[in-house]
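Remarks on the structure that follows.
Chains: A, B and C, in written order; residue numbering restarts at 1 for each.
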Amino acid sequence: MSGHGFLLANYVPGGSPVHRSPLWLKFLLVLACGMASFLIADWAVSACVLVLLCGVFLLSGAGAARLVRAVRPVLPVLAAIGLFQWWQLGGPTAARIVLNVLVCVVAASILTATTPVQELLDGVASLARPFRRFGADPERFALTIAIMLRSIPFVAGAYADVRNSARARGLERNPRALVLPVFITSVAFARQTGEALAARGLGDAEDQGS
Amino acid sequence: MSIILDRVAVRVAVDGRPAPKILLDELSLELVERRIGVIGANGSGKSTLLRLLNGLVAPSSGNVTVAGYDTVRSVRDVRRRVGFVFTDPLSQLVMPTGREDVELSLRRSVRNPRERRALAESALARFGLLALADQSIYELSGGERQLLALAAVLAVDPAVLVLDEPSTLLDLRNRELLRRTIAGLSQQVILSTHDLELARDMDRVLVLDAGKVVFDGAPDDAVAQYRALCTAGLELPAGEQK
Amino acid sequence: MTQTGNVVPEKVTTAKKRRASWNATDLGLIAVFAALVAGSALIAAVPVGGLGVPITVQTLAVMLTGLALGPGRAFSAVGLYVLLGLAGLPIFSGGRSGLGILAGPSAGYIIGFPLAAAAVGWLAAVVLRRTAGRSGKIRAVLLFAAAMVSSIIFVHALGILGMMVNAKLSLPAAFLADLAYYPGDVIKNVLAVTIALSLHRAFPDLLLRRVRTAPAGPASAHP
């Protein structure tokens, strides 16, 4: 996991109508599916919506393999829930519950497959804007997000280093020896980062100082 | 630009000890030369001295002023004028890529995004880093990272550049590159180092020992003084001498 | 790393004003702890004990964030992690991400994380302040109790609620499904407390004694 290439894991570049539609519209779609999953009472309707959304996903050109990959992580637990609810509540209800979850998962995947990560993050950062009058600072929020992203490879690297040195000392089965050093180096790293931010005149609240 | 330290002391309270530990002891200095070096052993107070100049450390008593601005009361004005480069560029570069990091430096001073982008590009180009602008900072070499940290700090054009052991993590070739880069800067430079070659490039060198300036003057004399200080009292047990 | 203590503040100029908002060091800690939770969710599980049953260290990292940073900063750090995961970064356990998580059966657990981190952070600050100078054992026991209470009230209760809402499980069924997480949770909370105590020994001013001298936060005295 060098760099932050892993962040591109979900995005599939393209120029489809789905790609070109604005972020808020795609977000509304996800939201609407979330609401609908509480309202839809008939499993056949859920199935239709699911087919429709899969169609939209494929229309974006992201490909069937991506669709499968997006859904696969939830399948085992959905299978378990489906079987359990079939026994408890009967076939149609179990199908509706499982299909509704799938609807939401596919809708969310459409959003992440067709929106570049940077645009998603800008979207998140802009969430702070309406709260500015209550003391929120969108710039500091965006800065914190950026620092977090650049720190993930550091943390991953720290875990790898610590695992190796624990192995060298025969401590690879000691969870404390595996986790504590990562947190210690990370706190030191966080402090250096804070100091570097301050030295560059960044990160402190706007109203502070002279 | 004139930097004045007036009877500055820095003391640290340590758990379980009644008296505070003294990091810097009643220092009075006027720093006006274009190239100033600070040398001294680990723990002699070099980093603390440099951090005072940018307001990262506040004096426990006395005061520090940069071009008339107090580093505690007008910390913002001070930081606009004093750029700071850390030993480890990875702790200094806060954004995932070089371009973003340089643009971050410019965020306060340049409001127009297009103008900011152009300025960032010219800052990167100055150090030959434009081709690496969109690479992750983790994919750069140590030398490239240190240059990038320098580029990001210089992008806002500070009058003074403070560097804390800038060559410690570099190999010989990158050290040489850094020396030449520093020599070509128009800024006033104040740096700490263990690299005596780099110290010799300075106009004035301070030797610190246990929080006190024990020598202040020409580089060659300072280095000689430092060597004498380091070897005094160094007596290895007979069996372990090489 | 010689974070030995704080520079004696003889010139406290804007200390009060600064207390109201976080400084650059706090931002760094929030961002890096959010990255720690993400990194802990992504790395392979740690084998525990002789049986080698693997556990993920994600919930460990969540509770540890609370124990290390106190309520406000811990809530922000874990909240940032959850927010970015929901926005689509593949940082939930198993590399999952996106708003779809909110529809799944684990939604309640993920929503519970920032709340549990804040709760244990608040309790930890109280415990550490009240037990200053007492034996380490009392501190450890109280911190463990704080971690268990926080995770039962927020992680487990919301987890059960999430399974009831999204998977339409009945309360007894959801309760039974949730019970499976308890043994791992007890182990992780014990670990979190021992690690947190070591962390506070390494950085005595991380949570308590957050006295500031310079706007940069605690003056680090790198020699």
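Side notes on the structure shown:
Keep this in mind: contacts are C-beta pairs under 8 Å (C-beta built on N, C-alpha and C of every residue); 3 or more make two chains touch, one makes a residue touch a chain.
The structure presented is a predicted model; accordingly, all values stated were derived computationally and were not measured.
Centrality annotation: C (chain centre taken as mean Cα position, compared with the mean over all protein Cα atoms). Distance from the centre of chain C peaks at B, each centre being the average of the chain's Cα atoms. Inter-chain centre distance (chain A to chain C, centres taken as mean C-alpha positions): 19 Å. The distance from the centre of chain B to the centre of chain C, each centre being the mean of the chain's C-alpha atoms, comes to 35 Å. Chain geometry summary: the mean Cα position of chain A and that of chain B are 39 Å apart. Looking at chain B, one finds that residues 55-56, 73, 75 touch two or more other chains. For chain C, residues touching at least two other chains, in rising order: 214-216. Residue positions of chain A touching 2 or more other chains: 143, 147, 149, 154, 189, 192-193, 195, 197-199, 202, 209.
Note for the complex: chain A touches chain C at residues 1, 6-7, 9-10, 30, 33-34, 37, 70, 73-74, 77, 81, 84-85, 88-89, 93, 97, 100-101, 103-109, 111-112, 115, 117, 120-121, 123-124, 135, 140, 143-145, 147-149, 151-152, 154-156, 158-159, 173, 175-176, 178-180, 182-184, 186-195, 197-199, 202-205, 207-209. Against chain B, in their complex, chain A makes its touches with residues 2-5, 139, 143, 146-147, 149-150, 153-154, 157, 189, 192-193, 195-202, 209-210. Of all the residues in chain C, the ones that touch chain A in their complex are 1, 3, 14, 17-18, 21-36, 38-40, 42-43, 46-49, 52, 57, 60, 64, 68, 80-81, 83-84, 87-91, 94-106, 166-170, 173, 191, 194-195, 198-199, 202-203, 206, 214-218, 220. Interface residues of chain B facing chain A in the complex, by the touch rule stated above, are 54-56, 73-77, 79-80, 83-84, 86, 88, 90-96, 100, 104-105, 107-108, 135-139, 152-153.
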